[in-house]
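Here subunit A shows up in two complexes: once beside subunit B, once beside subunit C.
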Partner chain A sequence: MNPMQASFVAIVLLLLLGCGAHLLNVRRIHSRVERLENKAVPMEKLLPDLYSCQGSNFNSLVLAAWILLLAAMAFLYLLTPAVFSNGNYFMKLPSLASSWVGLVIFGLLGYLIMILVIVGGEKLPESCRCFRLAELYGYYTLSRNEKRVMIAAIPLLWISILISTHMATVYPELWAAEWWTAFLLLLASLVLLIWPVAKEMLEGR
Partner chain B sequence: MKKALVVTLVLLLSLLLALPVHGGEVLGPGGGGDGGDGGDSSSSSSRSKLTLDNFVRYLESWQKDKPTEYQYMVKLLSTGNPESYQTPNVWLQYGGNQTVSRNEPLNLGFYVQNPNPLDLRRTVFVDLEAKLPGETKYQKLNQYTQAVQPFDYAEKGKVNWTAKIWPEFASFSDLEKVGDVRLRVLVSDGSNKWYSSASGNSHPYYGELLLNVTNSPPEMVNASLICSESPRYNDPIEYVATVWDPDGDLMNVTLHILDDKGWEMRNETQDVKSGQVRFKAAQYGFFGEPDAGKNYSYYYTIGDGIDTVCYPPSEDGNATLEGPRIRSTPKLWVETPHVEPEDDNYYYWGEYNFSLEMRNQEPYNMEIPVTLKIRTEDKNWKPVAKRTVLVTPDSKREYFPTSDAFDVLDRGSPFSFRFEYPEYDQNNSMSIDMQWETPLNQRLMKNGLASVPIVINLLLLMVLPLLGGIFIERWMGKGRMG
Partner chain C sequence: MRLCIVGIGGTGGKVAQEFLGNEDLESFKLSGLTCGEHITSGGIKGVWLESDENDAKNKQKFFEDGRENPDDYPLYFIPHNVVPDNHPVHVAINEKYGYDIKKQGYVRDAQYLKAIFEIFEDDPVIKAKAQDLRSTNPIFDCAWAAVRPYTTMGKGKCDGVLFIISLGGGTGTGFVNPIVQHIRSTGKGDYPVFVMGALTEEGTASDREQYAKEGKRNLGAISSLYDLLTKGEGVDGLILVDNQILLQRCEGDYTLANRYLHQIALPLVAARDYPGEKPPSTAVRAFCVEGWSFPPILVPCYAKIKRRSNPEAALVEEAFSKGCLFGCQPEDADKAAVFCRGYIDSNEIRKAMQARIPRLTNDQIAVWRKLGDNRHDEVLILLRNPYGSPGAHLKEGTLEWRLHRVMTSAVAYIEGHRPDLLYIKGYSESSSDSKKKDELTVTDETRNALDNYFYGEHGLKEEILLAMRRLEEGEKPFFNRPLRIFGLLKAGSGSAAFFDDECGELTPAQRAMIQRMIQEEIKSMSLKA
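Then we have the complex of A and B:
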């Protein structure tokens, strides 16, 4: 496994960690409420009470950021053979990849998967609604500044996609620093997006 | 009486031996006379010869000079009694096996026993007769009758005998049919004729000899086709084989030529003796221009007048030998295949102008479809272009420009290209290949970052997620306050 492939594992692990932290946060709140109430409180009754709206604009932008995140990952790792020599867009779908709209179609595939994850989350039962991506930030307290910082993930991801595209256009002349820059931007975006979860995990003990 | 006869004969012989010269005449092998009744005796070859003329002259001189002895001689000669003459017994003498091949040396002879004393013996004439397979009558085999003179006998005990071999009869190699052959002897002593008796058979003496004559079929070895691996129809093509008949017969060797469907196309026959047989294709006109491009096979039949065999031998008689494989007649002349890339960087998306020079070797124009195929590490002779080309007797370069020859999977790969056509070229091939030295460029994307397509793609990529987020929020209303 080369460093680029290791970085992919790191990103996936970070996502899983964020997911795990979110689950722990919700369970911790649930146990505290049960302790205060001194009785068992069903999760499906608790979660609606815990949820607070963060605003439509913020929610729209943060969902756009999550959609962009998957596309940016695909562009960085799967667009060229640099990381996965055989499992890449140009090797698997050569005609489509070489077409005039090859890039946007590749991006749309990533968007589509993420939209399906968001929409599919709505089908989760009430007891698991905390895992609905569209409601993720409703269980956390976010200041206006924090929201602004989080929204900065969108331009960071744009730049990451731009760099990935540039690398594809000049491939095989690959500049490692360029690739790692795109990776760091992606990593930073992911950190921004899971920041409220991590902060609650650290501060809410 | 007998004693007197013996004394007389001894006296007579002593007298004859004591008179080597008489009246200028020589008595013996060098003596004069017609010798008509003279002859060799197989049992007394060392004795002097007494010719009849000399004997008559002796008698005449004795009549004048020695009348007493002459009278005694007359008396002596008159005691021979023709009534006591007995016919000699004759057998065929054959010591071999009774089943014989036609070419097998027979060593056939006859054996005569003559019970008569010398003075009563007559010359015996012997002929060999045979009833050949399929025949109903006996026929004479020998050309010259064998004669056994009275002096030819040897004496063994009380038996006077002689044996002879038929010098002109060595084998049945001239027999046209095989089977049972009955042999007997026709004997004549000048007065009577009789046959050897069939009942008197006792090996190796036969009154009638029954032989089973068999034929040895002809044989063929080392059949081959002398020509190049893929000759033209008018190249020297020669069928050569070695034939041999154990019986020494004249053989008729037939060459059968089969076409590629196994049908007999031609056959030619030669009458040959044992040795090499050759069929020259040009001499017989086996192949012509229409035969170009076809594969042929062949086999031989060899007959000796009695048996016919096939070569190559097989149980069902359908075995054949392969060849010749006639080359197709080339009509095209193709040369110098070439490719001219639009860009010297050899990008996979670039336009490539493939070309080759073509001309018709025949003096007319011809329209043929030509297909361009390419081979890379990813593709194995993938057709990329096809068009109909007018080929003229004058050489002309034909171009096949295409931008679809390669795709992204071919980047970095060396490539070959091939032109295929439905006529044979000067190399007897229906295609011409070219391995190009320069590999394709490794570049992945045709357009640069600042190009219009990429910019449009990127703009869409940036805007669409925002629209997606807004649409989802509008639809779900998860962030709506209150």
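Then we have the complex of A and C:
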């Protein structure tokens, strides 16, 4: 496994860790409440009380950040064969990828997948509503400053996408420094987006 | 519990600002796309009622002018703007009573708005002239109209109102009782209304902020307390905060002090209630007023400690030892409402409370919990009437001691400032001509009424002296007789009486007072038996 492939594993692991931490946080609150109440409290009864609205502007921006995150990952790992030599867009669909709307369609595909994840999340039962991406941050206490910092992920991801696009257009000329810059921006954005979950997990011990 | 926060006057506005700050990211353009709303912790809403247009327009940027775009939020309202300049009501009140109801910032006297309210309520000539303003009491109706849309009585979601005022300014309490009277007059006798009142500190530190020197501020505070605590169907609880204690805690920083008031209120107003423990405001109100026929005094004691296992006893101890925002003896309290934030066991809280105040039974302690953040546990204890020990007025740090001092100062002011209180020409202490020009010239009718209100038999001075004696003897309550400024003149009795002998119909205040007197009589009879 080359370092670029390892970076992909790191991103996926981080995403899985975020999911796990979120599950752990909700379960921990649930078990604490049950212990204090001295009785079973159904999850579907706890979650609505636990949820507090973070605001439409923040929700919209943070969802946009998640969509961009998927797009940035796809642009970084699937536009050039540097990481997945057989699975890149230009090799699988060369005519579409090379057309003038090729990159736009590729980006929209990522957008569509993320929209499906968000809409699909809405169909989850009440006892699993904490996994709805649109509600994710409603289970955490976030100050306005924290929200501002998280939203900084959006420009970082745009820069990462632009760099990846540039690399795809000049390929096979690939500068390692450019690639790693795009990766670090992607990583930093992911850290910003899962940071409230990680913080709660660490502080809530 | 979802409260509508109504900041009144300068201090009220600043504190309300802390409660009403938008927690969402603010972007005008984005809000247009996302239909973004102003969100606050616990979904609270609110408004600022102010009397000085210059302060509201030019000295702050948080509240928007409600007249320019009613869709803006949060808004401020200047109630006296509802009466146009030189409107017959404006002219008539000026001619008959000498009060200029359009004066910016009003007159900084606690009795001023009380007098204006009584004039609108009682004077049929003024009432008739106000008809074209679509209200017989336009200033106070307009103030309520600004609050109502946020409440469940309008189209809003707030199931209770929390007024935030400074005791001693004049604007604050002047609006509270009239608005409460409106709420009660609509048949909503049980609509919860609470007041958080800050008593200004001793000394000269807040003279500038309050536009008044200590004696005058203390008289204002006592007049305000008097009116709030004697109103039969009045507020459901007066949360008393001593600015002196608050500022000590915040190292003299007023901004921090305002923030701290929001912080301590979070266990009361924030979101994330425990499952099944979301108390409607009516439940909190019912607990606060049960078994007490006057508006109760609630002293807040607050503690926030780092998360630990079994934090309940430590929280209660910390709240009582360091966290009371008004001097008091917790063991004198007859009830306690405990609002918690964090992972807290209700039974353990009750045990900790009973260890500290053994006389409280389980029924006399109500516990409501919310989930807080992960680092801290918090508790806000509202002690009901934590006073009533004979001789406690001599013990520093008690409620009796603090209020006794304020009352002493108020009586001294009444005795030493007759020209000021009766607006006798040349009363202004200032040597500047502009200040002299600002002097109020009331009519003889008003002056006589004020004379009786302050100095007459059963007047304010006499009532304060009686209240001081009650505090010394450990009696509860210390104020119990509502006072009016103009009522006595109509009765022609020459004393600050509270019944209108010539009037065939009882006012709501009179009815409430009779009810209370009967209740008190029955209570004392059963005690004797």
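Here, the second predicted complex is superposed on the first by the 205 of 205 C-alpha atoms of A that agree within 3 Å, B and C clash if a C-alpha of one lies under 4 Å from a C-alpha of the other, contacts with A are read in each partner's own complex, and residues count from 1 in each chain.
Just so we're on the same page, a contact is a pair of C-beta atoms (placed from the backbone, for glycine too) under 8 Å apart; a residue touches a chain by one contact, two chains touch by 3 or more.
None of the values given here were measured: they were computed from a predicted structure.
The superposed arrangement places subunit B and subunit C next to each other on subunit A without a clash. Counting residues of subunit A touched by each partner, subunit B versus subunit C, the larger count belongs to B.
In the superposition on chain A, A:122 makes contact with subunit B only, while subunit C stays out of contact range. Contacts of A:55 after superposition: both subunit B and subunit C are touched. In the overlay built on the shared chain, the residue A:12 is in contact with neither subunit B nor subunit C. When both complexes are overlaid on chain A, the residue A:162 reaches subunit B alone and has no touch with subunit C. In the superposition on chain A, A:144 contacts subunit C only, with no contact to subunit B. Once the two complexes are overlaid on the shared chain, A:103 sits against subunit B while remaining clear of subunit C. Shared-chain residue A:64: touches subunit B; no touch with subunit C. In the superposed pair of complexes, A:111 makes contact with subunit B only, with no contact to subunit C. Of the two partner chains placed by the overlay, only subunit B lies in contact with A:135; subunit C stays clear of it.
With chain A used as the common frame, the shortest Cα distance separating subunit B from subunit C works out to 5 Å.
In the superposition on the C-alpha atoms of chain A, the part of subunit A touched by subunit B in one complex and by subunit C in the other spans residues 53-61.
Residues of subunit A that touch subunit B in their complex: 53-65, 67-68, 71, 80-81, 90-91, 94-95, 97-98, 100-104, 107-108, 111, 115, 118-119, 122, 132, 134-135, 138, 154, 158, 161-162, 165-166, 168-169, 171-172.
For subunit B in complex with subunit A, the residues that touch the partner chain are 349, 407-409, 442-449, 453-454, 456-458, 460-462, 464-466, 468-470, 472-474, 476-482. Looking at the complex, you find that subunit C touches subunit A at residues 21-27, 30-31, 33-37, 39, 41, 43, 271-276, 278, 343-346, 371-375. The part of subunit A that touches subunit C in the complex is made up of residues 29, 32-33, 36-37, 41, 45-46, 49-50, 52-61, 141, 143-144, 147-148, 151, 200, 203-204.
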